[in-house]
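What follows is a group of structures, each given as structure tokens.
In the two complexes below, chain A is the common chain; its partner is chain B in one and chain C in the other.
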Partner chain A sequence: MKDGFRQSMAWLHTWSGLLVGWLLFLVFSAGTAAYFRDEITLWMKPELHQAAHTPVPQAVALGHAQALLARRAPTAQRWFVTMPSEREPAVRASWVPAKPEAKDGAAKDAKPKGRRRFESAELDPATGEELNKPRATRGGDFFYRLHFDLHYMSPIWARWMVGVAAMCMLVAILSGIVTHKRIFKDFFTFRPAKGQRSWLDAHNVTAVLALPYHLMITFTGLVTLMFLYMPWGVQALYPSQDRFFTDLNNALPADARPAKQAVPLAPLAPMLAQASAAWDGAPAGRVTVNFPGDANATVLISRQSGRTIGYDQPDMLFDGTSGRMLSSTRHTGAATTTRSVLYGLHIARFSNPLLRGLFFLSGLAGCAMVATGLLLWAVKERQKHAKRLAHGGRHIGLRLVDGLNLAAIAGLPVAMACYFWANRLLPAAMAQRPEAEIRWFFIAWGVTALVALARPTRRMWQAMLAAGGVLFALLPVLNGATGGAHLVTSIAHGLWPVAGFDLVTLALGGALLLAAWHLQKPAVLKKPSHKPLAAEAA
Partner chain B sequence: MSGLHETMAAVTALTAAIAGFASLSLGIDRHWEALHGRGTDPGAWRRRLQGAGAGGLLVSLLACVALRGSAQGWVAWAGMMTAAALTVVLTLTYLPHRLPPLAKAMGVIALLAALAMLAA
Partner chain C sequence: MANALKSPGWAYRGGVLARAVAAIGGGYGVAALWAAAIATWLPAVKVEAALTGTMIAFVVYPCAVMWCFAARSAARAWVGLALVALPAGAALALHASMNGGVA
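Presenting the complex of A and B:
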């Protein structure tokens, strides 16, 4: 009976993993990259690498941003100031331009659905000088969005697909734990160069050693989109989801209106000081001014993220004309806090680089787990039908899986690297540049996929891994050659986000090249039984 | 919290976890055999290795909590254990004879770093 249960779990594990494996590999890879979303974005804007990196008091940085906003966008509906941090040295001032009132109805029809256009400028926090307008790019946000919205399709459909894949992943993890008979005995075991045995070992090791992470990231991933997957609770209590999110995020209600009466904005520095004092001196992360210069102006200051696990940061709302505090954070309910912690665990916007590094490492283990699982299926299947295949028999399913494996596992790194190369090779002032960069990503992936499906051979694996490795390993050179801060400068100046990007891509490139080199050796499937290591050493 | 205190806590957390997992792995027959020849088993050493291993992981947890507080500390610990266990697996696979000296060195560093952390 027990064996029967284990076998049915093995079946479940195989199919729940295989059918969504390729999508999961994309989600895991892009999601892992997204831990360094800000660093990737900074790397992709080499114009900002020169920003002064001396910390200044927040009030100074905010003052510079306010001066620029008052000059450039006095009639804007809303101002946002993103305060400088260790990860983003520049201070960013953005604004939503005033609504064109007369043709409200016409504008609604003309504009596709989506977020309203922001305009923004980035400043040196110490001098207030506007930094050279950086090239337009989606930067690391592309990977962040890609990992749940995919691309070239409706985000809602994409989120459902990713949700189904994540649910399958959760099933695969739990059934995998049941299937794995020797979890503790094989805890540290990896036996290389033994065919199927090695793939199974690698799959087990990358799964078991990061198991808390895999369970956490899959579950919390589902939680981040729970209002989409399970909207009924909200539907029962709120007339619309928008209203619910306004409440949840302490945002300005959509029906708030300016008074159309000019009153100067109260000084922001005292509000900043009051908020920071209430948070035991923690710095502010974002300052939002609604209806600046109007009698109904309000100022919302929220704390810099990264001090806690939770995603929601405490904030404070001030009257924009008197500077009086109106309210401070209302998220205190147990349910909101739970969601905030689960959400925060998933996106890991911790201030601590060590912690983010550990998440990145675990994410890589996740990619390896999915990849080895997919390869293991192909290896097993090939062995099962070895005789038939040796006599020229065909196995359509196996060939398809082989092709998809190659396209996903070796093709995706090529596509990612091409995205970074496009960032530096396309002309900086090109129109619709962000879309062009993304097109390079998908063209590269499309080409590798076609080649992979046509010829899923060992040589092709080698060629594609080597291509990805070379493209990744040369990124630091490209960075130095196309206006970025090259490794020597970035390390000397302590510009760690940029130096870190270069070092990590160098390491990833090295790993891919090592894998390609490893494939050079002839297949070792029928090796004589392994001698004990002690005897070898003697 | 000073920079030195944080650095030492991080070093303690990682090295203690590596030493802990290395000890635990040597308490498993397969890995003991790989080092001492087929047919041998750790015998009385098994308990000691397992005790030392559990102790190492516990020290690592305490260092993580000292580093990031009781909430993020647990998260950091999980990550540290993953990094440490991967290190032990790679050592066992490619340099098995370096594992005992590695475990000892990591244990000593963990001890020194823990003392420095408490002093800082």
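Presenting the complex of A and C:
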């Protein structure tokens, strides 16, 4: 650590990367899957695959949703309508049921700690018919939440853990760049079957090829939760974070109340038309009605996301009884816009399918970068202690790293695949179905982790990769067999979200099987080793 | 690194620990001070100032961490952190005294 800047940075790179590597692998994998959370959710609700997808005017879809809401939730506090889009063909009407009447003191106690309970229904936008209630599932949202809230633990603790890991990652990336003498040459360098060199080359290739992405995703990831990690800037200026968020989101002040005086809601279609016209014809993404049917009703219409990189969408607020526009979107300052763009870059909702595919590939490169980095440490360490290990010496740290590497890198795909299998094999009407699906994810991962820690051998790598490969590659078959639109139908009908899921899982399964098959070839190493994982280096 | 290859002595380990504490705790402190100082002194709307300070803090922190491990000794790492923290701390103290309260 004393031998010059580059060496000390190499040391920092190694340790900041290794210590949080396994958690980072989980975050990267789940986050990468979350780019397609809508598609995953759709795949996991095969009941919705048949919904016809014919574009309808937004006013028609909104009208159907409003009719349903007026029928089903006339006394609700708030209505939300999520307009149909290419990624989610159905129109979704949700509402927050009216609070039971209570005195002020009691109301405070009754304030729900978690999220407010929503109820919702999904409609065919053209006919307004309610779609078959799909099976209950967390769908792709599970991966989205998993990548920063983890599971089975307090989300705040989880976010701190993930934040520490992300900060280590940021440090590892920056120190990795500094360590790198020949960043450009490494673009074109790969020396296969050369043991440690090959792992280093693979690490460099996956890291350097997608370097801007890695740097961006890590920094923006921290930015999405920065008010939790670094509240001091806000605290210096605001008495409470709530106040700050009201300012930031330009939200309805928390003390808005219904007037308790029934006044019919003004027609929504003209408001929709006015908003859309102001956005050069861009469609609306969400319509919120506060206190529908009350004299204090307001209607907030926000633009469909996916038009700009920034996360914040412009919106327009209307008086709910007269239909008059009250305010149109905020003026946004430089810092607000910067944050909105950083946030938007992270979640990538702006991108068309091709661009999102590239984000997905970069995310996979991130997984590979973390994985090769972890393996590289093990390979190097084994070489350093080759003599001692050859004479039956023990290296507890290395043994642990071997086990964790196997559990994370080969075990996680098995767990993810099991989640999808559980989605189709558990009874559709089962109680607490979403939790049961998630439980299968963790059961599968727990089993692979135990096996991995017990016997981190080359055989075990092969077996686990093969298991993950088979489970993934057969998902398209499972889909067709359990009521989903199988590949032939989905491609023929242009149901690309579903077809894409099947094709991607097929490819991932193929890649895992290829890796398993590759391990069967005799290891090419300078010094043959009896120890199982050294052979990994081939 | 040379040290690390030989069986590392306690002096070396202590040095690493001191640097790690400086990097993780000290670095965070420096970043937090800058976040608050920029937020209070930036002549902008409140939301904007708070956001700017917070985002800059996330650039300060990793740089501080790298400094702590690049410095020639753990003591130097701490001194460097203190030097960077000083202007931000002074600005905050000044602001607090001008407003007659804790910032």
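Please note the rule applied: the second predicted complex is superposed on the first by the 510 of 538 C-alpha atoms of A that agree within 3 Å, B and C clash if a C-alpha of one lies under 4 Å from a C-alpha of the other, contacts with A are read in each partner's own complex, and residues count from 1 in each chain.
As a convention for this text, a residue touches a chain if its C-beta (ideal position, glycine included) is under 8 Å from a C-beta of that chain, and two chains touch if they have at least 3 such contacts.
Because the structure is a prediction, the values reported are computed rather than measured.
Chain B and chain C, once both complexes are superposed via chain A, fit side by side. When the two structures are aligned on the shared chain, A:Y213 is found in touch with chain B, with no touch to chain C. Touch criterion met: A:F227 reaches chain C, while chain B stays clear of it. Set against each other, chain B and chain C touch different numbers of residues in chain A, with C touching more. Seen from the Cα centre of chain A, chain B and chain C lie 90° apart once the structures are superposed, a value rounded to the nearest 10. When the shared chain is aligned, chain B comes close enough to touch A:L345, but chain C does not.
When the two structures are aligned on the shared chain, A:F190 is found in touch with chain B, with no touch to chain C.
Contacts of A:A515 after superposition: neither chain B nor chain C is touched. Once chain A of one complex is fitted onto chain A of the other, the partner contacts of A:T308 are limited to chain B, with no touch recorded for chain C. Touch criterion met: A:A10 reaches chain C, while chain B stays clear of it. Look at A:V205: by the touch rule set out above, it reaches chain B but stays clear of chain C. Once you line the two complexes up on chain A, you'll see the smallest CA to CA distance from chain B to chain C is 20 Å. Considering their complex, residues 1-3, 5, 7-12, 16, 167, 170-171, 174-175, 178, 219, 222-223, 226-227, 230, 232-238, 244, 247-248, 333-336, 338-339, 342, 384 of chain A touch chain C. Considering their complex, residues 185, 187-192, 205, 209-210, 212-213, 216, 308-309, 345, 350, 352, 354-355, 358-359, 361-362, 365, 532-535, 537 of chain A touch chain B. On chain B, the positions that touch chain A within their shared complex are 10, 21, 24-25, 28, 30-31, 33-38, 68, 71-72, 75-76, 78-83, 85-86, 88-90, 92-93, 96-97.
On chain C, the positions that touch chain A within their shared complex are 1-5, 12, 15-16, 31-33, 35-36, 38-40, 44-55, 57-58, 61-63, 65-66, 69-70, 72, 92, 103.
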